[in-house]
Amino acid sequence: MGVAVRNIARADSAVVEALGQLGVATIHEAQGRTGLLAPRIRPIYGGAHIAGTAVTVSVPPADNWMIHVAIELCREGDVLVVAPTSTSDAGYFGELLAVSLRARGVQGLVIDAGCRDVAELKAMSFPVWSKCICAQGTVKETLGNANVPVVCAGQLVAPGDVIVADDDGVVVVERDSAATVLSQSQAREEKESRIRERYSKGELGLDMNDMRPLLAEKGLSYVDDAD
Amino acid sequence: MGVAVRNIARADSAVVEALGQLGVATIHEAQGRTGLLAPRIRPIYGGAHIAGTAVTVSVPPADNWMIHVAIELCREGDVLVVAPTSTSDAGYFGELLAVSLRARGVQGLVIDAGCRDVAELKAMSFPVWSKCICAQGTVKETLGNANVPVVCAGQLVAPGDVIVADDDGVVVVERDSAATVLSQSQAREEKESRIRERYSKGELGLDMNDMRPLLAEKGLSYVDDAD
Amino acid sequence: MGVAVRNIARADSAVVEALGQLGVATIHEAQGRTGLLAPRIRPIYGGAHIAGTAVTVSVPPADNWMIHVAIELCREGDVLVVAPTSTSDAGYFGELLAVSLRARGVQGLVIDAGCRDVAELKAMSFPVWSKCICAQGTVKETLGNANVPVVCAGQLVAPGDVIVADDDGVVVVERDSAATVLSQSQAREEKESRIRERYSKGELGLDMNDMRPLLAEKGLSYVDDAD
Amino acid sequence: MGVAVRNIARADSAVVEALGQLGVATIHEAQGRTGLLAPRIRPIYGGAHIAGTAVTVSVPPADNWMIHVAIELCREGDVLVVAPTSTSDAGYFGELLAVSLRARGVQGLVIDAGCRDVAELKAMSFPVWSKCICAQGTVKETLGNANVPVVCAGQLVAPGDVIVADDDGVVVVERDSAATVLSQSQAREEKESRIRERYSKGELGLDMNDMRPLLAEKGLSYVDDAD
Amino acid sequence: MGVAVRNIARADSAVVEALGQLGVATIHEAQGRTGLLAPRIRPIYGGAHIAGTAVTVSVPPADNWMIHVAIELCREGDVLVVAPTSTSDAGYFGELLAVSLRARGVQGLVIDAGCRDVAELKAMSFPVWSKCICAQGTVKETLGNANVPVVCAGQLVAPGDVIVADDDGVVVVERDSAATVLSQSQAREEKESRIRERYSKGELGLDMNDMRPLLAEKGLSYVDDAD
Amino acid sequence: MGVAVRNIARADSAVVEALGQLGVATIHEAQGRTGLLAPRIRPIYGGAHIAGTAVTVSVPPADNWMIHVAIELCREGDVLVVAPTSTSDAGYFGELLAVSLRARGVQGLVIDAGCRDVAELKAMSFPVWSKCICAQGTVKETLGNANVPVVCAGQLVAPGDVIVADDDGVVVVERDSAATVLSQSQAREEKESRIRERYSKGELGLDMNDMRPLLAEKGLSYVDDAD
């Protein structure tokens, strides 16, 4: 009726750090357009960009007791991922818990529910990605689970997976795939860098990717002027 | 078919000012988790934090005529609270009305509908909390009521009540409870200050609040490793 | 099953530029409260304000192939307007396409779907107004149409129409009405300037517009105090 | 931290019963377009039409303990009105509680949250108006209040007020106004009956209400054909 | 500031009637997946299926005056299409107006806003497709336009166009394309009839459409068992 | 880039059938309030109640090609579970595919996207639980995966898991837990049966569960009358 797993295998920290140099959109593309949390999850302030290993926690509606349990399980470089068992807008998380997480070296928080104290969180540069901002508090009465696989904003997140979050949203990379996804993402980044160079000089995607024959084959017709 | 009340009893200005030093989340907690407007009400720009006494106005859909009536009823230190009688996204309020409100010393505006001219409002630092941003204008054809109790974003607001608004949202404090809520909020703030200090040093909520026995009693089991 | 129109008549560039000096709310009012895109269309960062001539493109769900086709049709001063044929949150547009559009002198993009790479777009000051932010990518497999009339966020946009976008949203002005709407908007702006002056001195809308007799006629009653 | 009021003054039962012969839209119009709960509140099955006196209960998020407290306060002819203190989709109410309410003669339930067991509720003809249908259960751990004024779906409901609900939604009538609203509603119904008769014979609202001069005065122009 | 067009060219009534024998999904497919109103537009009761020629009306927020103007413009076989100029949930339309429309032989109503009196409308079998059900009434104070092109739920509807509506939603067919779309729809229906026959006997789409080679070419791999 | 698993282990058919005699709410409670799909998933018509083993398919936005692949993988007693990789309202599924599924003995369909042909589906009694109803069609151009674990409406569904769906929504039961959940659900059902009996005779939950001392301990105070 409530389980907390103490030891979890975490993705390699060098890989995590390297993934953190890359954008969410790039990583999501590189791993085959998978792992993106639903777009309702937004940063509470702009400009943050983090990567870390997931410590997961499932919480009852409007009850943040298990977050306290989960904090103890966190260590340097983690990201706390909070998944309510039922839809809730309540503000499970605020500045005090952020102070506690920071003391343990946690990078940030992802929650499919509400967050509060956003001015204070911004001032202390503790980034949160949440479904909404809501001052409504929570209670501490019912158990959930910590460090078990959870579904957060439509994606399965296992403890120790990599979480990368930036202004575009949040992506999860499976622990065992992290190194592969990293190299695929870096390859994609390099390729994009070459495309960027050519685009900036005025070359067209139509020509660079030889799209014209395929467009014609699909039936695209150009007309000089609308009737 | 339309009433405007000229004189209202307002919460004590010293209490209002002191409440303005505290955050919405703190006040909401301190008064027993009540009085919070629905989280759809968001600031049009970040960083504003106000407190004032409510002048209320109920308005017909997409008709802002009564706001003109309400402006005359405002005085130094008020916050105008606008509640449409039917769901509307229209932009009832913009920069010109803000100039008029500012001339009377009004602190800001709360509206369960749309706001426009947000660039200008930000430039003049006139804060608004609204349901949406929408350039769609309104007409001036139908009456509503001013300075009567209204329900705004799910909360009852009476004229003269205290409105506090910040990046977390908007909370209403009943006029007669304002002094009590203030002292409860300040007590909470002090308590949080002590917690913050201990959290920042790495102490855990689990220990500080002696949660471990209760968690065990509820049935939480720790396992060292997943399966 | 896919048409791209090469040459379109565009609104006069001097008129477009002058409209760009005016706000969306002003223009929307001046043309009789028409042409405003639905308020779900929001800027991805604050403070941008553009005007340009529409190059339009209808796109299949989660397929951005036609945007490549449309880019070639763009020239200095255009705004690309993207309308999916079915509701989609996917991120059709990101930084690379923005680099390509900028190389052609395009002012910005309006899309009734998702946008990604928002940090990069902000850094390069390429403004986008979109329905959401979503890192989810798209494919390049199905045709749509370019430079035909489209309905974007509830408004009909024809190629060559004027698009003005700022923090309040996006408004479309028909190409043939652009000059008329410009002069109406400028007249409105001047009138608002005079109103602003008087409001700032404390005059009331009630008096300036002689509203009191009409309010009384409609049945507004003033009471000195609530019961 | 939790209050339950045993005895409340209820609206006159004859008036309540008579109001139950009238539709929600009629009553809402007759009392000056006030008292309508937000349209998110919908019947779980079509065709039900009830009227009763409100027993109110405010409940914590996803916690239905106070509903048990409120049931004891109900008597023949009541309608239970449930208002969560924070947005929730959880299923607070199902068939078993309906059996308990029916045993006390309660007419139905209105809740700004979720309901479950809808097949069973339909089979036993116990009508519920709710925000959503959701099988997610609730706990019994935290107090709320019973028979105090609550805001439910945007409307203030006091214990003893009249609740009328049908396929159009839910309206609240203040206890002290019930008799007046009844006669106004009946007058409106009679007037509508006469209008119905004339409309069915082909008369136009334009003529029956002499709207043509006013439309012309406002500036309506008729043209025979579009250009 | 308000125009009503008396005479409009209507699609051929035999074509309209024949289109009414076909489903919305079929017609929408047959005309190249265009013309479908947004899925927020839903029937107020199940099982209705109509086709008619559009009489259009744009209405101000929560003001149904122009519907009275539009009724006079309707004749046997029309469908009234109502498009508010700004988002609104208000109940613009109810039973009395339905009686008036029925007296003129109107088939039904499509509205991108609220409808009320749904029990009565169902009882008299007057079908309505609306955005929501809401008892909130409207006023009669501001002009709009009748029989001009409007955008309703994201689609351009011109007066005289064909509207077909059933349990799947609402589709508009341009007047000049109606005959062509009819024959395309009938051809599609016949084709679907043959597919239905084969599917019901257990044939697979994979085989009937020879999809297997193409799936293989795209890279689909079959595995006998998950790892 | 596209995988289809031919053979999957399915939950025991006798257990599945027995679970189908129980309601979604009961099963969800019995398995510890887990496994419930988000409440946006609703039946397209009332009264259906099914249980079956999941065949899963992930589909690209607005592309239903993989459903054809999945149909071949279905057999008697399955339920097809469709999870788009990105939010979509498109109508992936209609009557023809239902005919094909029925020919294979499939019980019904669950989809976190749109469904169409709802009148025909109701007529043939093929139940669907979907996010919305939308006539918008899809293409057949991009691969997905069949019979791999998917996240559908916020819940992890593995091939062979049990799906139970009724008017309250959809719940997934893990294949390996099915027998245990069945016996827990039956025990719960029996317990509820006894409660129902006592409630119907007028006993109160307060007394049956001995709640009064605990309520008092938590601080509930009864007052005879509101002041």
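By written order: A, B, C, D, E and F. Residues from 1 in each chain.
Just so we're on the same page, a residue touches a chain if its C-beta (ideal position, glycine included) is under 8 Å from a C-beta of that chain, and two chains touch if they have at least 3 such contacts.
Just so it is clear, the structure is predicted and the values come from calculations on it, not from any experiment.
Counting only chains that touch, the fewest steps needed to get from chain D to chain E is 1.
At the interface between chain B and chain C, under half of the residue numbers involved are used by both copies, so each side presents largely different positions.
Averaged Cα coordinates give chain D a centre that lies 30 Å from the centre of chain F. Distance between chain centres (mean CA atoms), chain C to chain F: 42 Å.
The geometric centre of chain A is 28 Å away from that of chain F, both derived from CA atoms. The set of chain F residues that touch two or more partner chains comprises 1, 33, 36, 39, 85, 87, 89, 134, 136, 142.
Under the touch rule stated earlier, the contacting chain pairs are A-B, A-C, A-D, A-F, B-C, B-D, B-E, C-E, C-F, D-E, D-F, E-F.
Those residues of chain A that touch chain B in the complex are listed here as 1-8, 45, 65, 68-69, 71-72, 89, 91, 94-97, 99-100, 102-104, 114, 116-120, 122, 132-137, 140, 142-143, 147-148, 159.
Interface residues of chain B facing chain E in the complex, by the touch rule stated above, are 60-62, 85-90, 134, 136, 138-139, 141-142.
In the complex of the two chains, the chain E residues touching chain C come out as 1, 32-34, 38-39, 85-87, 149, 151, 154-156.
Taken together, the chain B residues at the contact with chain A in this complex read 23-25, 28-29, 33, 36, 39, 42, 46-47, 49, 166-169, 171, 192, 195-196, 199-202, 204-206, 209, 211, 215, 218-226.
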